[in-house]
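First chain A sits with chain B, and in the next complex the same chain sits with chain C.
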Partner chain A sequence: MMPHAEGRDLVLSFADDELCVGQNHAWWIAIGPFLEEDLALTSIAQDELGHARSLYTLLSDDVDQLAYGRKEAEYRSAHIAELLCHDWSWALVRHVLHDIAEQIRWSALVGSSWEDLSHLAERALGEEQFHLQHGSSLLSRLLADERGQQRLTPAILELAPLGREYFVSSDKHLIENGIVTMPLAAQEQLWIDQTTGLFKQYDINIDFGSEAPSAGRSGIRSHDFAALHEEMTAVLRIDPQAQW
Partner chain B sequence: MRAWRDMDEFEGFLDAGGVVEPNDEMPEPYRQAVFRFIELHANSEYMGGLTERDWIPKAPGLHRKLTALAKTQDEIGHAHLLYMVAADLGIKTREEMMVDLLEGRTHFHNVFHYRVHSWTDQIAVAYLVDAAALASQQAVFKNCSYGPYKRILRRVIAEEGFHMRNGEEMMLLMAHGSNTQHEMMQESIDRWWLPAVQLFGPDSRPNDELLRWHVKSERNEDLRDRYVQKFVPQLLACGFTIPDPGLEKDQTDGKWKISPIDWEPLKQTMRNGGPDSARRISDARNAWNNAAWVRDALTNQPAST
Partner chain C sequence: MKTYEVFLKREGKDPFTHAGSFDAPDEEMALIYARETYGRRGEGEQMWVVPRTAVLSANEKELAMADRDHKHNDGLRVAELRRISTGEES
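Right after this comes the complex of A and B.
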């Protein structure tokens, strides 16, 4: 089927989120808190980059051109996905917020009328279960520790409101056409409820505001994106025509 | 649990193909030697991961990024397994080994004291360095008398084989790619050839105990020579030159002969005085120290159910 433009926008936004988060998780290889954690986060990075690749494949035959060849304003990633998070507590919090969102987003695509997307969602959901288990069990254990909570709380308070942007997309026709099975506003509310529930048990109360505070979906990039993009395209730019 | 009356009886057991297990009452010099060898291997895998990580974020394209990430993850996985096998020998804990490494008290292989300057350096590491490491590991695996190490090497070797083939594929792409790519690859070969050849170390001592105790099965100079015979023709066939003015083919036996190696710089490098040793170790030490709160928080409480 040839999906409506809204469907393509949704997939592109999702793919860009996964591309950025996968790239950011991968930064932690060999410098995590201990070797088991290096291995876990790197596995998750590979899954996220794999999701990005599968999603781009739904839109184009030239995946690398789409992933790395656009101008900054043509990316649709949420700002929370772009942030470098070179402090491990921030990386962990983003990992959990991202994966709670991912589970909701993929679930809403299972049974999509865009069959390839539905199949992809089913496969991705199997992986998400492990990502979420890893992230939230680690986060919970660290939040149960006083010093852990001191480290993590600022990251939670700052990053969580940005997570709303995961659900920013026009969905009027998406519902009508059966591309998604749950309206984005409902997905967003589910994400807020789950996130609130997770942190409330540690007396961390998040002010989510009334709407997403960032505008990555409209083509405005976060302050970290330029560095991220520079890095991910560093070798490709040496000789853009060559096969690497 | 087994025990031996004396070193003669133990060496007789090893010569007959005996395999030692962690609970055996192995002679202390053997335990120490095996431990030091595995610790050096573990440190090298970990430092190898750190060497490669600079270029993972820059890997060209999604496919390359995924394979580069998977490869480095393998190296970290090897380090993880090896540290556990080393810890089982009861000489140092994993934490003690990590701290010794980061404080510069223990060592890692020469090749990981250099910086990866470009994507083609990354390829050279996968192609030239991993091949050298693989050859050394295969020689240990063949006849290794310490059971847990031998079993882990089976997996390590299988994965290193993939890395080398992946490196070869990328090297061939550069060899037949654009002029820029070919030139970049040549520069990387110029940088990495000697370190890769040096990975095998100086000629084995006549009384090398690691050989006598069947940890190693081949002499360093034999492994090095076999590597040279394989890689010189491959690189020349791809249109690359080898950065060794004394390199020549012996007309009598048809074998490639390299220039004599000055081992002094290598010894200096191995004492953590290599070109990138200080940065490499301080990066790892900073990361380790910055995350101390995570390790503390996790050990200060019972595991969650």
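Right after this comes the complex of A and C.
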């Protein structure tokens, strides 16, 4: 079936989020806090980049052009996904917020009338379970420690409200057409509830703000995007015919 | 952090073999890191993760003492004597 333009927008936004987070996770290769964590986070990075590729494939035969060759205003990534986390505690918090959102987003695509998308969602959910287990296991251990909590709390308070942008998308026809099985607003509420519940255990109360940020979805790139894009297109600029 | 040893078993009749070691804070994280460190490319169908403290180490001196000629009998001498006694060509 030829999906409605809204469906294509939803998939493009999701793919761009995955591309940016995958690239950002990959940045920790060889400089993670300890070897095992370095390997785990960058292995997850590969999965996220794989999700991005699969989603782009639903939209175009030229995945590289779509992933790397668009003008800045044509990307749809949420700003939280673009953020360069210079401190590992921020990278860990973004990883957990992202994966809680991802699990909800994939779940809402299982059973989609867009069959290829539904199959992809089923497969991705299996991996997502590992990502979430990794992120939340490590985060909860660090939050149980006073010093860990001191380092992580500012990142949680700052990043969590930005995560609402993951669910910004027009869904007027998506429900009607059966592209998604849960309205975006309900997905967002589920994400807020799960996130609130996770951090409440550690007396961290998040102010999610009255309105979800939406600049990234409307085509405005955050400050960090240029550096991220520069890095992810480095190989392609050296060798436009590169295969990988 | 505690050190763990990883054993992997590939599909089929191969036995479990030692894949390596790594550090993790506890058992739950150990299983996560074992998978990402030694099994992320599908290297095994089954995996054992063992705390190093659970591994019993044999005494190295006693192991070295065990290396004696008469433990290496591969049957060649018997086969040679047999050939001589039956007059077979070698």
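Operating definition for what follows: the second predicted complex is superposed on the first by the 236 of 244 C-alpha atoms of A that agree within 3 Å, B and C clash if a C-alpha of one lies under 4 Å from a C-alpha of the other, contacts with A are read in each partner's own complex, and residues count from 1 in each chain.
By our rule, contacts are C-beta pairs under 8 Å (C-beta built on N, C-alpha and C of every residue); 3 or more make two chains touch, one makes a residue touch a chain.
Fair warning: this is a prediction, and the values are worked out from it, not measured in the lab.
Trainee: Could you tell me if A:R147 is touching chain B, chain C, both of them or neither one (first, second, both, neither)?
Mentor: first
Trainee: Quick one: is A:R217 in contact with chain B, with chain C, with both, or with neither? Answer first, second, both or neither.
Mentor: In the superposition, A:R217 contacts neither chain B nor chain C.
Trainee: Considering only touches as defined above, state whether A:H79 meets chain B (first), chain C (second), both or neither.
Mentor: Neither partner.
Trainee: Scan A:Q133 for contacts with chain B and chain C and give back first, second, both or neither.
Mentor: second
Trainee: Pick one for A:E231: touches chain B only (first), chain C only (second), both, or neither.
Mentor: first
Trainee: Quick check on the superposed pair: does A:L35 touch chain B, chain C, both, or neither? Answer first, second, both or neither.
Mentor: A:L35 sits against chain B and chain C alike.
Trainee: Comparing chain B against chain C, which has contacts with more of the residues in chain A?
Mentor: Between chain B and chain C, B touches the greater number of residues in chain A.
Trainee: With the two complexes superposed on chain A, say which partner A:R105 touches: chain B (first), chain C (second), both, or neither.
Mentor: Once the two structures are laid over each other on A, A:R105 reaches no partner at all.
Trainee: One more residue to check, A:D239. First (chain B), second (chain C), both or neither?
Mentor: Once the two structures are laid over each other on A, A:D239 reaches chain B alone.
Trainee: Once the complexes are superposed, what residues of chain A are shared between the chain B interface and the chain C interface?
Mentor: 34-37, 39, 43, 137, 141
Trainee: Quick check on the complex: what are the chain A residues that touch chain C?
Mentor: 34-37, 39-40, 43-44, 130, 133-134, 137-138, 141
Trainee: Quick check: in the complex, which residue numbers of chain A touch chain B?
Mentor: 23, 26-27, 29-39, 42-43, 45-46, 49-50, 52-53, 56, 63-64, 67-68, 88, 137, 140-142, 144-145, 147-148, 151, 231-232, 234-236, 238-239, 241-244
Trainee: Can you name the residues of chain B that touch chain A in the complex?
Mentor: 46, 49-50, 53, 55-66, 69-70, 72-73, 76-77, 79-80, 83, 119, 173, 177-178, 180-181, 184, 283-284, 287, 290-291, 293-298, 300-301, 303-304
Trainee: Which bits of chain C are touching chain A when the two form their complex?
Mentor: Residue list for chain C touching chain A: 1, 22-26, 28-29, 32-33, 35-37, 40.
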